[in-house]
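Order as written gives the chain letters A, B, C and D; numbering starts at 1 within each chain.
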Amino acid sequence: MKNSNKLKIFNDPVYGFISIPDEFIFDLIEHKSFQRLRRISQTGLTQYVYPGATHSRYLHALGCLHLMQKAVSTLRQKNVQISPEEERALYIAILLHDVGHGPFSHALESTIVEGVHHEDISLRIMQRLNEEYKGELDLAIQVFQKKYHRKFLGQLIASQLDIDRLDYLKRDSFFTGVTEGNIGSDRIISMMNVREDELVIDVKGIYSVEKYLISRMFMYWQVYLHKTAFGVELYLIQALKRAKELYKMGERLPTTPALEYFLERDFNEKFSSDDIDVFLELDDNDVMFSIKQWQNHSDLILRTLAISVVQRRLPKAEIRNNPISKDELEEKRQAANQYFGEGAADYFVHQSELKIIPYDHEKYPILLMDKDGSCKDIADSEKQILTRPLFEPTIKYHFCYWNSDKLERIL
Amino acid sequence: MKNSNKLKIFNDPVYGFISIPDEFIFDLIEHKSFQRLRRISQTGLTQYVYPGATHSRYLHALGCLHLMQKAVSTLRQKNVQISPEEERALYIAILLHDVGHGPFSHALESTIVEGVHHEDISLRIMQRLNEEYKGELDLAIQVFQKKYHRKFLGQLIASQLDIDRLDYLKRDSFFTGVTEGNIGSDRIISMMNVREDELVIDVKGIYSVEKYLISRMFMYWQVYLHKTAFGVELYLIQALKRAKELYKMGERLPTTPALEYFLERDFNEKFSSDDIDVFLELDDNDVMFSIKQWQNHSDLILRTLAISVVQRRLPKAEIRNNPISKDELEEKRQAANQYFGEGAADYFVHQSELKIIPYDHEKYPILLMDKDGSCKDIADSEKQILTRPLFEPTIKYHFCYWNSDKLERIL
Amino acid sequence: MKNSNKLKIFNDPVYGFISIPDEFIFDLIEHKSFQRLRRISQTGLTQYVYPGATHSRYLHALGCLHLMQKAVSTLRQKNVQISPEEERALYIAILLHDVGHGPFSHALESTIVEGVHHEDISLRIMQRLNEEYKGELDLAIQVFQKKYHRKFLGQLIASQLDIDRLDYLKRDSFFTGVTEGNIGSDRIISMMNVREDELVIDVKGIYSVEKYLISRMFMYWQVYLHKTAFGVELYLIQALKRAKELYKMGERLPTTPALEYFLERDFNEKFSSDDIDVFLELDDNDVMFSIKQWQNHSDLILRTLAISVVQRRLPKAEIRNNPISKDELEEKRQAANQYFGEGAADYFVHQSELKIIPYDHEKYPILLMDKDGSCKDIADSEKQILTRPLFEPTIKYHFCYWNSDKLERIL
Amino acid sequence: MKNSNKLKIFNDPVYGFISIPDEFIFDLIEHKSFQRLRRISQTGLTQYVYPGATHSRYLHALGCLHLMQKAVSTLRQKNVQISPEEERALYIAILLHDVGHGPFSHALESTIVEGVHHEDISLRIMQRLNEEYKGELDLAIQVFQKKYHRKFLGQLIASQLDIDRLDYLKRDSFFTGVTEGNIGSDRIISMMNVREDELVIDVKGIYSVEKYLISRMFMYWQVYLHKTAFGVELYLIQALKRAKELYKMGERLPTTPALEYFLERDFNEKFSSDDIDVFLELDDNDVMFSIKQWQNHSDLILRTLAISVVQRRLPKAEIRNNPISKDELEEKRQAANQYFGEGAADYFVHQSELKIIPYDHEKYPILLMDKDGSCKDIADSEKQILTRPLFEPTIKYHFCYWNSDKLERIL
């Protein structure tokens, strides 16, 4: 599978060296569709709170490729048969699993390309690459779609302990500096095994898995659902939503051609091939450039949201254990409407329920395999010390509203 | 100097926590002029070669603030007197030392704002902030300009072992994953001392300093002067240069208002106040957005350079021990002219002399202080093992030219 | 407090540099009673399971001194008043808190110096040093005994989040390589605060504390109560117990003078001054040397235990969720008696209940301080995500018995 | 080669997990001869200066086994053929390469087993194990003796860039906390290749190799030849030498049976089989126990040396760039003789020439392999930046003598 005179190695601050397993994979990396991921930040506006988190989806995808090579090598050492074709399919599928991400993904998915999931776009782009490369991605696409008969291949791409999570939790912990979220990806991979084509974990790895479940919790509450980062993302979403509405009202805004294409259209169903073309032009620069321009726009709502996002004049954001009372909500809504005009509250006041199940053992059980080959759910192991308390979901409430003090300063 | 109920702490992947020493410093950080640094990458296009190097100048400035607090605390423990005013001046000066950096600094300084140094712009912005804050930055500006009578304050801002270098070498090593460049910033700072108002190093720190000098060498040859990163930056410079020429010929290009302002003007002398205003609007997004648009421009030279930079169709780049021969240079120039038309060679073929003096002991001597208080140049120490070989400059030659194979693919 | 020409710095793999705050502390470190800790392993026979865990109590004590300096500096930055005398008392007390540890402490405390706690011996040695140094340790002893009126000083020495634990958990995690146990000592210290002379934690530190509580659990189950390490320690205890009994029967064994002194005596009450003298001669070498000799002794029980410990012919050890049944226990006891003669079962078959309360909020509440200065138990915080599940004790059962297969090989 | 139900994994603070490749290797690790290495410190008395350096030769050997597995896997990925027999031979040879080390090796080799090298003893022990295991070590022994026809196997065991050095430099740097010595073992191994059965390095690894050469220098001057550590080792050697002389004069000292055996005998030639038997009983405990006893011996010289070593009353030690003058040497010798009696100077006053060649390119050239398969010495590479200055040997002089102030305190 190797061609030694084009062996390529990337430096990665997380794993050291990342080597590229063969030339075809290298060509995929060099492809324009994949290079676009360089310009898409992995964690969006989270860098407003954790300034180190400027890493790109490109690097995450390379990191996944690295971990997948470790996984293949570990499983083969344990006498799990993986053919060269299956191996390559795993590499392609994990490399491209996020290729359909747009800039500030959640923001886009909620507004600009409403109703179109990034997984679907990833699949579409893979299919397009498959045409270009004359069927070389056939098996990868089967694995990505979980249609391949050996289940563990798909589980390595997407499951409770998939390679995607093993990279992004470790990587996001690394770049944010939130050490509580640092998981032992290497250790978990070294404990992977396969029984009857299902992915399982050797029993010795139990504490690495428990630590992983807990670290994931820390990452959710400290990073992904951080009150301020979550709040500023909400405001970005509102800015794009407002922009789209202004377009519907016949206005045009200073923006980039690619973003304008999406502001002008609705996508209730799947993308057309043309849509994919334009989508592949879009990256974080389009959004940031546009938002910067909108700071001077005449529409008060758009202007306020843009200034809030660009200049980090952040909304007031809280996380609470109980739902926000109707009265409190109404009070903030009225204040917003009063200040910005009727209807503004929908842009400026938000309540969101945040629900995390640390270990969803029904949907995604983690199986531990004993030395004798028998398997049981991690929660039923004699050794478990922290898993059982992790069955219960944690529910909190994010509340984010217009803070007149802050915003007055900026208008 | 503290106000405990607004103490702010940032997470940093390099140092863990960075705390903000007082409210005024915090206000400076929140200032729009400083927040702009979030959108300026510390190492520009180096991320094309080291994909982890997406960190911003904002984070570097915070890192400097952190190290400066360590330095102040270390020196005070060694009974060096530093007044609260001097302390704050150090923090302000190091925080703002790079505030005048534009996007892809070297590129800009060579073209867009030709002849205007980022240090000068930093100073201008500091002066403007000083007006806004009614003289609070007076002492910081003196220190920054090396006009303050206690020399070591200025040396902490800029010298062979200044806080700026101690942060950026460590940080760039960290984010690139080039571990050969990892310096012991903490160790060097813990060895700092002051004698007769000059910054010196306790003799016990000799090996940390030697390692620093060597790591710096590694960073230069592996990162800052990496043949490919250096090459793509050259092409970015040429693209901006070409754009500016097209403006002179009366054309207008798709770009952002702020960048257009600079493409339309020449700056042979200092900036006007208006120039500063627009400069503060400019960040990496303006350049990347524009280059992306220029991929479709009718001018063959601009289009080629833009595609080369955006799609990573990189020029052929080499580093050699000897100057490139006239014949070879001429051959590549002719090829470029033939392909793109007369005059194109100036854009596509470049030779650069790269000269590094590992330890420039004449310009910036490093003084070691013995237990008895006597000082000598590190190179004269009985303990030195690697310093003397580091007097000699290393000279190499970068050669970068149009690679017809690669470019044909993209046009 | 500093005398710059005798400033001493130690290298530490965990924290980098450890500096010694003043000359008197340095003299204590150089004292023979403290140097003895170099020859006492921090985690005893745990290195049988985790071969990196060869670190000494000496290093742990230095590590504590380092963290205490961080704590003092943090608290002063938050305007907590700590006088130079209190500061020095903290350093002395934490440096010497373990000075009374014998070799393989738990083993010794269960047998050789039965009924005498290492804390009491530490106190006795401190008092002796206090005489030698003419009262210099007065305040340190008060703090160590929790008799000082400002409660937080004593809490820094011994409490749920004391400096002792913050060092040993981090250090033992580091040297064992059990990364699940790696706590953020620095982060926790940077979040320490004092309210009404009580140690509290700033609310921002909540996740560092939760991670600490969980990491501590991991360290208990993976390291301190590891079935094999716990088992081999039980056998070491039995070997010493057997040796003591042989002495009572009038035998003499090959051993060292210091250890013999303790094998010949019973200590139901406090140590005499002579006892302390001999105790200070004792270190790991005495025990290991003796056990090595006993491998050839004629007493079958002693010989078997010694071989088991020295040659790592370990007993069969298990950890279970339920108590061992009477039948099973009886079966193993009979097998032991049959093989080694009546009475042997007491040496070779052991059941131990292991009970861990992750967060004992009644005995040692952790108080979080909000920005407004109000405090509440961490378990009552709106932000807590993992603390509540940590109230419940975990109980497991260690079972360890003679494994005829293994032992036959060695006799 | 694997037997999945006995797969064993060790935790290692340096590499994380170390897995044992097969059952036979595991049996060797469990063997009494190998377990002895647990009780032999890797860096002897260096822990007097670097208190973290308590790691054992056992852990170093396991670390080598780990790196060797990496090397085999890397080379196979580059299509270097290595048969399962060769693979196992590499593992056995590297695991056992140091099995003949005695306690405080250099001390012993200079005195107790004068003239017998630890490599020879390692070989003898391997041969004995080979008998026990009926020829299973045949190939390993050939490789260890560099008699195998494929040269690179022997080079992986012993050469400029062998696995032994790659582990001990990294490990000693780790445990001492001397970060200047931290080499990128993983990176160097990932750059290993084989051409015509010779070990070479891919050209991309040049900076990792240059960093390695420099880090090795730092380790020599900061650790292995540290003036104090080197001095205390000299005094330990003298103590053993003095003990041996007292035995020759007919005295017997308190010591262990195994050490006494060696104090009573001279070994000018190879060991007998009996000698090996007793040698395998010997570890650090024997030496430390004996030295501790000798602190009270009537012989003034022995007593002084013992106290100096045990209580860390260290001799005065210096490192200079020039040889010590005859006059100065004579002065110190006279002082020693005067104080301790004629002849004492040989024990208490020492000058040693220390000579390090950073890169001995004649004896052990490092070959870089270009992409086209051609090889050249690293020093001739266009890319080298630091190698050439590393040809020159560095020579310094260690001077160590009786410091009357210090010793008077203790006698």
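We adopt the following convention: contacts are C-beta pairs under 8 Å (C-beta built on N, C-alpha and C of every residue); 3 or more make two chains touch, one makes a residue touch a chain.
If you're wondering where the values come from, they're calculated on a predicted model, not measured in any experiment.
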Contacts common to chain A and chain B (chain labels): C, D
Result of counting contacting C-beta pairs for C-D and A-C, higher pair: C-D
Chain located farthest away, centre of chain D as origin (C-alpha): A
Chain centre separation (chain B, chain C; CA means) in Å: 49
Cα-centroid distance, chain A relative to chain C, in whole angstrom: 44
Interchain centroid distance [CA atoms averaged], chain C/chain D, Å: 32
Shared interface positions of chain C, touching two or more other chains: 16, 179, 184, 187
Chain A residues within the chain B interface of the complex: 10-14, 16, 30, 32, 35, 38-39, 41, 47-48, 50-52, 54-56, 58-59, 62, 174-179, 256-257, 281, 285-286, 288-289, 292-293, 311-312
Residue numbers on chain B that touch chain D, as the complex places them: 179-180, 184, 187, 207-208, 210-211, 214, 217-218, 221-222, 319-321, 382-383, 385-386, 389-390, 394
Complex contacts: residues of chain C adjacent to chain B: 2, 4-5, 9, 16-17, 19, 73, 77-79, 184, 186-187, 190, 204, 371-372
